[in-house]
Structures are given as structure tokens and as C-alpha cells.
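Everything on this sheet refers to the single structure shown next.
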Amino acid sequence: MGGALGVASGSALLMSYLSLIVLIPIAAIAARGLGVTVHTNGWGMAVWHWSASSDFSGFWSNVTQSDSAHAIWLSLWLSLSVAAVNAVFGVVIAMVLVRDSFAGKRLLEGVIDLPFALPTIVAGVVFVYLYGGSSPVHVNLIGTWMGLLVALLFVTLPFSVRAVQPVLESLDSNAEDASRSLGAGGFRTFASVVLPSLLPAILTGFGLAFARAVGEFGSITLIAGGQQTTTTASNLIFNLFAGQNYTRAAAVSVALLVLSLLLLASIGVTSSRIQRRLSL
Amino acid sequence: MSISLEKVTKRFGVTFGVEDVTTLIPSGSLTAILGPSGAGKSTLLRLIGGLVTPDAGRILIDDDDVTFLDPRHRNIGFCFQNYAPFRHMTVAKNVAYGLKVRHRPRAEIADRVAEMLELVRLSDFASRYPAQLSGGEMQRMALARALAIAPRVLLLDEPFGALDAQVRAELRTWIKELHDRIHVTTVLVTHDQNEAMEVADSLIVLNEGRVEQAGSPTDLYDHPASEFVLQFLGPSTTIDGVALRPHDLVIVPTGEGTPATVTEISTLGFEIRIAILLGSGETAWIQQSRAEFDAQPVTIGQSIGITRRDATVSPVGTRLDPRGAADRAPDSAAALTQPTTP
Amino acid sequence: MTDTVTIVPAARRNRARDPHRRQLLPLRAAALLYVALLVGIPVCFLFGKAFSAGLGTFWNQITQPGAVSALELSAKVAAIVVPVNTIVGVGAGMLLARRQFVGKRLLDLTFDVPIAISPIIIGLSLFLAYSKIGAFGPWLFARGVMLVFSVPGVVLATMAVSLPYVLRSIVPVLIEIGESQEQAARTLGAGMWRRLFTITLPAIRWALLYGIAVTLARSLGEFGAVLVVSGNRAGLTQTLPVYIYSAWDQNFNDVGAFSGAVVLAAISISVLIVLSILRARERRLRVDIA
């Protein structure tokens, strides 16, 4: 009807924008990483032709070189640990925010969002000052996995809390009252009634925190201290890029993407399976 | 302004569509679209309002073909089921919205808004927000908003749906009064046959997307075109596989009519219900007035004969009106609607 | 509405006296300790040190030409990116919440890419697509278009990274308020733009402002993607986060990096405060709707 033409041209404009900033670049990095060469045809603006000379053994050797494998492995286990620790504390903090009341709760609310609002490089600078060579608390974590862990716990905390909080708020308190009326104590009620309903939200928070941790760069690049043992995948990708080793940088990116997408997809499937069982 | 639908079809999948609908809604009438849920009532209303475009057929308002006209150019008043209040605007701003869109002068808008709020008795609520209104008040605000633009037709989607019983009754009466006062062609959707019979002067009964029957409430009640209409519009019972109204059954001496045995007699105030067992093993029931029963009482276990009351022997003699006059309002409405002038 | 205002605190007070609530005390202690150690100490340290080092040094550092031009570039980039991504977010949000079309799922997924993917990888993707050695770079360079190692590159990277936030914050609200208010306005004669500006946008205003605030925070703070595509050219393509990084990592100017971090932190914490006010207002609005 009236606005149909406007909507159509708006959609076309939107798709061009998304292509420019997301879709074309992602295609380009995937092609580069998998050894596909892309040429552009010189004169026709919209005419590109692709000549594929795929070389998967090249891709494989690029990602299995010891430094790549180590970096990807480090990123994965660190991110999983960070997501797990914050899943626990995320539930604790959400419980306190939703169920407890005390002076200063508003402040706690605000502080939870700080790591989300604070630019990652700012966090990075603060951590190397606080836990570096001239540490006022005499803890030197530069070049250790502990340093990476602290920084990643910091940046992922809001995701773990904010995923659980709204679900906890909307939870039906009748089930808990029923559990208490049947003689169950607070902890038992929590474990047998509250926790199962929160599980999908906890998994969502776990996935968000994991994704953020795997991709994190700014807050950990300084505290990693340039050591090979503490070079995460994103750090390695940047180092390879800075060394003009573009094909390997792209290959490591593709491997990291595939691994974390697989992990996120399985989290999503599990979460929706639990959700379906809960809503029966 | 009359509304005419010609072979209108809109399909959505399994339910809620309409199929080959042809009907004429007379100018100045108050028409109810009636049917069970999923029958396509709201779709029909939305088709008239232009919120949905038909797959086939034509829709005319006052001989203008509006089939593909954007709803904003149809000049209709549409009241939504959930009232669709503009929550960030006051009651007065809500009512003024359509006039502002039409670039009316400021003074005229102010006058018209005051007039409309007076009409729906919300003058004291002008500067409130929708969140501060009750369901009935929000409904009246929605009506004022729709009427402010002096629409050609007024369309109401389940206008009494979300209200409690008392407010419903008041609003019903009030809508009839309003209609008698402003005479705008009004179409409303409802699933409640009592409501439709009480409020409307013409009915369109919809079932599975098709028009089962259209006409005046009494006409449809007395001359249902199908078993569906008969059963939907009032009580019914079945004798020998034929559905009919239980008050159309009369008791005759044994040996005449269909043989039956009285199994239960219940008194509901003025009304008597006699449950019977037919020779075939089927059960049925008869509806009588207290006076009818007292004139010819029966007892449980008594053998009787049953026959269908014939128009010629009808004791009241008012049942049939072959002209099926559309202007004949149900009796209950007469007491409710004395046209009033402000 | 006044009822809720008076009833809620009373109910809270009763709940606090509830014996079951006492069981929350250890949880409260654990939550406060964890947040204080992880977030409280670093943030207090940042501002404490900034002031203890003396405001003179601090001022001296942030008025260095490199720092000033970095701050200017960050502001300029945000001034371009925030409006563009707001318009894109609202347009795509209306499409996703109100219409059925082929490719809807793809559109939805595209907006998740910047959240799921490392900023470093986004930066590298842009580089591999538009740089001289990239897929489309030579064709673009031949026409004098430099999308990498330039200010347009910085803008592009920031656009990509801050893309999803407006959309993600408005779509749930758009779905929740439904279409009927827009349809009502339509039957009253309002056209598409009037409906958008007088009905839809006012109805989603808090969620929209929240999304804009997050987009602004992301734009000002983005580091990884910008570091890759900017080429880190001091005074030309250095945004404030990249300036902080170079000051620390390459120029060994600790105090300069720290001062820059304080400025950036102050800006983003201001945005956060606005954000939490908006969050509170949106909650109250939700209560109104319910």
C-alpha cells in the first residue's frame, strides 16, 4: 500500500549498509582464512568474480602450528572458566539484587554495569597499574594466566548478572511458598525449585560471558605482557596482523569463530531444550 | 453511509479468514457481526476498516470502492479490542489526534474535543493519562477518539470484551443511546449472542468464515436459515433429528404427535423446563411459561404426546412476520433507548 | 498509581523482617565482597590515583596535542556513528517487529554478529575486505577510496561494533506494545512518518534512549576493531582508546595513558549514570503498562 515503495527502498539501503560493515568483511575473512582468492573485476562496479583455489591443508597447518593451537586452547579454557565462575556469582548477585533489601543496593545495581560501560582499554590500564610491577597491593600478575582471568571476570560480570536477574524477578513465588509449606528449608527450596527455573537464563548468561571472553582484547592485551604463554587467540590474531601475516591471522580467526559458534550453538540447544521441558 | 461487501475473501491459514462474503450493511444501522471464536469476525471488521486487504472481492462504502484504499483515507472510526490508547498522551490529546492529523485550526480542535468528551462523559478526565482510567473509561475515550473525526462509519471490535458484567450492561445501553443520537452507521463484533440481540438492529452471523445468515435479530431468531444459526442464537432441542426451539414444542394428549415420557420438571422462576424421553430413546426438553404449565400440568413419569407448535395454532399468534421487518427492534430495547437531546 | 508508590515500600519492609530473608545474609556478604574486589577496587584505584598524582600533571597530560586530537576524533566518530546506527536500529527494529518477509532470520542474525565476534576479528575482516591487499581494496584504491588506515575506516569499524545495541533494546518493547496503537493512528488518518514520530517513537522512548546511550558508550570506547583498521597513525587516526594504548605500549608514557583512561572512564561513567536512570524509568513504565 502507501508506504510499500518507501519500505522497499529502506530495506535495500539497510541491506547495503549491513553488507558494507558486516557481511562483505566476514565473507572476505572466511575466504582468506580458507585459502580462497578473491579478485575484483576492474571496470564494472558491481561485477566481482571469484576464482576458488581452496587449500584446506594450508588452513589446517596454519591453525595447528604450536602457537596457534596454544592460543586457541588458552582462549577456550579461560573463557569457559570465567563463564562458569561468573555463572555462580551471577546467580548470587541476582538473588541479592532481587530478593534482598539493604542500604546501598542501588549502588550495587550501578556498579554491576560499570564493566560494561567502561572501555576495555581503560580496564586494561587499570589492571596493569593495580596488579603490575608497581602494584600498590604487591601482586604482580603481568604475564600470568591469573592476570587474564581477573580481567576477563571483570569484563564479563554484567552479562552473567543481567541474564539471570529479570527471570528471577518474574519467577512465580507460589512454587517457593509451596515448597516451604511442605517443610523444605531455604537452601533446599532454592536448589529444587528456583535453580531449575533459572537454568535456561544461567546458560544464556554463560553463553554471553563466554562469547565476550573469547573475543576480549583491550582489557587483557596489556596484562598479558607479551609472553607467548599468555597470548590468547585474539592477541595472537592482532600480533599476526601487525606482522603482516594476514593469511594465518585469518585462519586463526576462522578456527576460533567455528569453535565458539559450535559451543554457543550447543549451549543454545541445551537451553531451549530445558526451556521446553519447563514450559510443559 | 451503507457498507457493501461483494464476494470478499481473505485467507490466513486454518482459521480467522473469511470466504466469499457478500452482504450489505444499511446506512444508519447498528449491525453486529456475530459468531464463535475463529469464525473470522474481527477479520471482516478489519477488512471494512482497511487494516487487512482482501485476497479477492470488493468493499464499497457508500458506493466508493475502498478495497485498496489506505485506512487513513477511509475516514472511518475504529475502536480496537484493547482500546489501543496512546499511552503517552492525555485523554484530550488522544481525542484530538485525528483532528491534528487533518490540520484543523486549534480553536476548532479544542471545541470538538470538549464536545466529544462531553458526549462520552469524560470531561473531568481530559488531562489524565490512559493508565489512570478504568476499562470502561478507556473504552469511552477510544470511542470519543474515533468519533472526533466525524467518521463515515464506526467500527467496534469486541467493544465489551474485557469489561466486567455491570460495566458491560451500562456500556451496551449507552452505545445504543449514542447510536440513536448520532446515527452513524455502526458495525460491532461480538461473540455473545445475547449482547448482539440486545444492542443491534441487524445481525450478520458468521461461521468458519462464511455468512450463515444476515437480517434483523427477530427474523434470525424465528427463521434461522440453518441449524447453526438456530443453535447459536438461542436454546434448541432435537426431535426426530430436527433441531427446533424448545418453546416451539407443545404437549398434546397421548396417541397424538410423537410419544414421550416426562422425566424431570424444573422451575426457573417464570420458566418451566420439562425433560422428556422419546420412544426412540433420545432425550429432549420443552420450555413453557408458568401460565402454560399451570393450564395443562404434567407429572414425572406421565406419558404424553409431543408436537411442533404450528404458526396457525400458535396461542400467541405473533411468531411469524413474513415481511421480516428490519426496523423491528427487540422488545427489550424499547425501554432502554429513548432518544435524548443534550 | 499513588497506591503502588505507598504500598511497595511497606511490603519491602515486611519482607526484610521475614525470617526467610535472613538466609540471604551470607549471599549478600558474598555478592558484596566479590563485586568490591573485582569491580570496586579497580575503579576506586583509577580515580584515587588520578587525584593523588595531582591535577596539574593530569591537566598537563590530557592537553597534549596527541591527546586532544584523539579526543576530538573520538567525538567526531561518535557524532557520525551514533545517529547512523540509531536510524538503522529503528528501521531494522520496525521491520523485525512488525513485518514478515523473506530473509528476516538473516537480518536478525546479521545484527548478532558484532556481539558474537571479537572486535579484533571484525577489524581484521574490514581490513581484508577493503585494504590494498584485501578483496575489494585494489578496486577501491584505483578510485581513490581509502576505507582502511583512514578516518572513514575508523568510522566503519565503530559502526560495525556498535551496530546491534539500538535494535536489541527496542525490539522487545516494540513487540510488547503491539501494533494496535499504530493501527489506531492509521485509521485516524496518520501517515507512516507521522505514526513513527507521534506514536511509535514516544511509546518506545526509554528503550530507545537506553539503546542510544549504549551505542554512544561503545562508540567512544571501541578499541580492538579500531586499532586494526586505523593503522594507529598518531594525530590522524588515533581515537582516545588507541591513544591510551600507544601511550602505554609504545611510548612508555604511563602517566599519559593513565590520564587518558581517567577522561574516558569519566565520560563512560556519566553515560552509565544516565543509563541507570533510564533503566529505572523504563521499569516504572513497564509497571504502568502491566
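Residue numbering begins at 1 within each chain, and the chains themselves are lettered A, B and C in the order written.
Everything below uses one rule, namely that a contact is a pair of C-beta atoms (placed from the backbone, for glycine too) under 8 Å apart; a residue touches a chain by one contact, two chains touch by 3 or more.
Computed from a prediction, not measured in an experiment: that's the story for all the values here.
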item	value
From chain B, the most remote chain by mean C-alpha position	A
Chain nearest the global centroid, as defined over all protein CA atoms shown	C
Where chain B and chain C are represented by their mean Cα positions, the distance between them in whole Å	53
Averaged-CA centre spacing for the pair chain B and chain A, given as whole angstrom	57
Geometric centre distance via CA averages, chain C-chain A, whole Å	16
Contacts with 2+ other chains: residues of chain B	70, 72
Sequence positions of chain A contacting 2 or more other chains	2
Multi-chain contact residues (two or more partners), chain C	191
Chain B-facing residues of chain C, complex	1, 178, 180-181, 183-191, 194, 198-199, 202-203, 205, 288-289
Chain C - residues contacting chain A, complex	12, 15-16, 20-21, 23-24, 27-28, 30-32, 34-35, 38-43, 45-46, 49, 88, 91-92, 95, 99, 101, 107, 110, 113-122, 124-130, 133-136, 138-139, 142, 156, 159-160, 163, 191-192, 217, 220-224, 227-228, 241, 244-245, 248-249, 254, 257-258, 261, 264-265, 268-269, 271-273, 275-276
Touch list for chain B against partner chain C, complex	49-51, 70-78, 80-82, 84-89, 97-98, 101-102, 131-132, 142, 145-146, 149
Sites on chain A touched by chain C in the complex	2-3, 6-7, 10-11, 14-15, 17-18, 20-29, 31-32, 38-42, 48, 89, 92-93, 95-96, 99-102, 108-130, 136, 150, 153-154, 157, 180, 186-187, 211, 214-218, 221-222, 233-234, 237-238, 241, 246, 249-250, 253, 256-257, 260-261, 264
